[in-house]
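Note that subunit A is present in both complexes that follow, paired respectively with subunit B and with subunit C.
Up next is the complex of A and B:
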């Protein structure tokens, strides 16, 4: 990445943060949620570029959120950095175990297996009274290195952390996709046999991607938990995972910015749709998804690629 | 010194069907061996067993004296056995350059880098020289699925050869290639292979190609090796002509001139 691109990204990051802080509270809240979901979808996109669609990212999204909630409520740990570290570490360990089984499967089996694991977590949480069963529980306001802002300041703190994470992890993901490991995902999607005969381990490539995606989902869940101040089992429910797939299809897999932009658009669309049609907003989202599949099968980013005169990336 | 490849009583059955049986061969470094036989004679089954694609029902396969039974294609590849396919196996929606860069990454660097760019100037320079050697550099930026069969075959072989395998197996390298391009393709491939000194087995139906490039021929019939020896000797064997070639071959015919003959002419 050139110094010029880095400088432009830095300016864009600061502008996003300042813009986010200047927004009315309800919009700033939605924006932070969108950043969190964008990170989950970024992980999903890494898998999709390898031809794998996970309907179970809600598992790690929820795990990240619950680890954050439990730390603030039961261990009185509120430092956002410690919380993030714990959420990611825990989710990565779980992903490393589940991935040993899951990464042997492809296509619909991978999708359904991943969903099954998230539904197991959902089932465990709704039966757990200590963790609030179906109601979940509240999450305390976060702090940073000993500084404990008030409720509004806490939201701004989470927004700042979320924007920083989106830009940092976005740049790392971009570098990753340009590396052999990133290209290997596309090679897996195109031809596993050829890759094996070149000496590449298909399992290892997918396993690493699965763990990275889990880590990103955990960060997304942590951001959501900290900004909303609440966690509940719905975060592991299959419709939450479906929402991430929706956003991924909406944005496309052509660039690391696509899931972030799509997440912001998705949250805006959902908010607008539920405001104008409180009982039929899901229908509006359905039509939006239909329109994208019919007219932009490679997602919204394909518009940018068309503008750049590039061939749109094939949808998995 | 042990043979580069040795098979011992190799057998593969599919239910009641015996696809290959009693295969005992030895291949040494630098040998160019043509594998001939009619459809269903066991040629591809043999290649698939040697490259770990399918496992034999019985017998042993030794590469440099070590058994590769039970090894995956990846492990066989890392043991120094490369292969190309009858239908070129490539990353169809990526460009030729990306294909060869990925192959270079896995075969030469052998490290799954996470943040180093794959398209660095030095790597691109290196793989472009490989594409030049196989005479396909002009297609570097084309998407593979849009390319003619001959270019795909060359790319398939170029990618497999990047790891410098001691043994290379080519499954029908000229199938699907225009008649007028067959020898051009084989000349390019064989020049690269001879330079690497890899032992090569190539499955081929075209006897002109076999005569021109093979030093030795393995003739398969009904899952067994019917004849194994110098090319001229095997192809002039009446039994091979009757059961494998399917017609009489007049080896004095000018079109069956070997590469050596034409080089001397």
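Up next is the complex of A and C:
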């Protein structure tokens, strides 16, 4: 990446942040939630490029959120950086264990097994009275390096952190996809046997992607928990994971920015759908997904590709 | 490639700013956000009856046709304009939608929330946005036990009241009570209900009670074959259930077919909403609760007669407890405004709402818990019976508010376990 484009991205990042802070509160809140979800979907997209659809990203999304919630509520740790570090490390450790089993499976078996693990977490949380069962519990306002901005400033702090994370992690993910290990994902999808003959380890490639995806999902969960101020087991429920797949399909796997844009679009679509049609907003979402699958099978990003080039370029 | 990254971010920015909309402020209307389940499993038994009640009561408040002593048109003479929102979608979505209601739609107050999870998540946002919020139906006692709120009120008693009263009822009415069994949904509501019920019974009977089996089927499972078998094998003197909605219907139909309801006493703590849907299938002698003095248990008053008649005429079915809860919340909100006077600030309305005593269609409501923010009402149980095919109730017991609600400032579970000190039951 050249210095010029890095500078441009930096300016864009600051512009997004300032824009986010200037937006009315309800919109910047929506934007922050979308950033959180976008990061989860970014991890999902990494897996999807290797031909694996996880219906269980909710597991790490929820783990991240609960670690954040428990730290603020029971350990009185409110520092955003500490919380992020803790939830990512915890989720990565869990992913490293579960991944040993999961990464042996492909296709529907991978999808179902990943879902099963997230439903196990859901079941455990529902039975846990201390953590509020299905009602969940509230998350205290975060602080940064000893600076506590209070209830009004907290959402701005999380927004700033979210934007920073999205840009850094987005650039890192973009670099990763350009690397050998990143391209190996497509190789896995196309032909595993050939990849093994070339000397690559399919298991290792998928394992690494799975762990990265788990880390990203944990960050997404942490951001959501800190900005919404409440966590509940619904975050591990399979419908939440399904929502991430929905957003991934909406955006497409063509680019690291696609999931973030799709997440912003999804959140806006959902809030306007429920304002316009309080009885039938789910139907509007359904039709939107149907339309995207029918007319843009490679997601919204294929629109950008179509505008940029006459012939569709090879991803990323 | 770098260009595509930039394009992407630009598209994202353009999209969010494009969504901006402006709201014209109208001084002669009172915009009220109303949040209930309009879709999903909780909409049929709870959300829609509550929404219907809101339509009815808001029209009556605007037209000034509520029976005396409630008077005046609208709130402070301002006509109420409702903004409806679906509660489905989970707590994260609801906190976002709450912000939208306040900051985008510019509502003056919000009345809503059936799910306890939402009721726990919303108050901190309401405090941040300084918006008067009335929780109308959710049951968890945690809302005002875990924190104090300034802008948040709940005009409904907690679910603990239902189960403390249920325990008192079976203790007093079943002469040779030795054993109990429970079937409750596997989520907070079910676990909390069962816990409050069993803990109260243990206290009332000095520990002399045996639990034969406790079943926690999945929420909305719909099939209870295995659980009914377990209840039949581990027969108990009374079966406790806090089932609601379609789960009650499914359970009653399946249990009746297998003779469980003929052989066992069953107490349905939230069974009243099933009266309309199940009707003839409910067995004689079933003990039914309505989460307060509502529906068939509502005390006679002009307001209740008006509510019953108007609701039945307009919507074809009699009002159930969620409808009463909604009416209670709206009337409470109006009376708090009336008492504070025309043009009162939010702070003045709050201070007149705190500790308010008023009469809704279900009788007296005292905002006497949670530092004046949480209601306590009486609780009623009765046995279903049929007179010439019409459902009525016998053995009705009314428990005063101070008998089945913990005093202000005490935690429900601790209060129960310490022997319910200060409970006044006469």
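One rule holds for everything that comes next: the second predicted complex is superposed on the first by the 309 of 316 C-alpha atoms of A that agree within 3 Å, B and C clash if a C-alpha of one lies under 4 Å from a C-alpha of the other, contacts with A are read in each partner's own complex, and residues count from 1 in each chain.
Please note the rule applied: contacts are C-beta pairs under 8 Å (C-beta built on N, C-alpha and C of every residue); 3 or more make two chains touch, one makes a residue touch a chain.
On a predicted model such as this, the values are computed, not experimentally measured, just so you know.
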_Once chain A of both complexes is superposed, is A:176 in touch with subunit B (first), subunit C (second), both, or neither?_
first
*First (subunit B), second (subunit C), both or neither touched by A:197*: first
*Check the residue A:205 against both partner chains and state whether it touches subunit B (first), subunit C (second), both, or neither.*
first
*With the two complexes superposed on chain A, say which partner A:164 touches: subunit B (first), subunit C (second), both, or neither.*
neither
*Would you check which partner chain A:290 touches, where first means subunit B only, second means subunit C only, and both and neither mean what they say?*
neither
*Which partner does A:186 contact after superposing on A: first (subunit B), second (subunit C), both, neither?*
first
*Check whether subunit B or subunit C contacts more residues of subunit A in the superposed model.*
C
*Once the structures are superposed on A, label A:81 by its partner contacts, choosing first (subunit B), second (subunit C), both or neither.*
neither
*Quick one: classify A:97 as touching subunit B (first), subunit C (second), both or neither.*
neither
_Touching residues of subunit A toward subunit C in the complex: what are they?_
1-2, 5, 8-9, 12, 15-16, 19, 23-27, 29-31, 33, 126-127, 129, 132-138, 151-152, 170, 174, 224, 228-230, 232, 234-235, 240, 255-258, 260-261, 264-265, 267-268, 270-272, 274-275, 278-282, 301, 304-305, 308, 316
_Residues of subunit C touching subunit A in the complex_ = 1-13, 15-17, 19-20, 38-39, 84-86, 88-93, 95-97, 99-100, 102-105, 116-117, 120-121, 124-125, 127-129, 140, 142, 146-147, 186-189, 191-192, 195
*State the interface residues of subunit A toward subunit B in the complex, per the touch definition above.*
172, 175-176, 178-184, 186-187, 190-191, 193-201, 204-205, 208, 311, 314
*Residue ranges of subunit B touching subunit A (in the complex, touch as defined)*: 51, 72-74, 77-78, 82-83, 89-94, 98, 101-103, 105-107, 109-119, 143, 159-160, 162-163
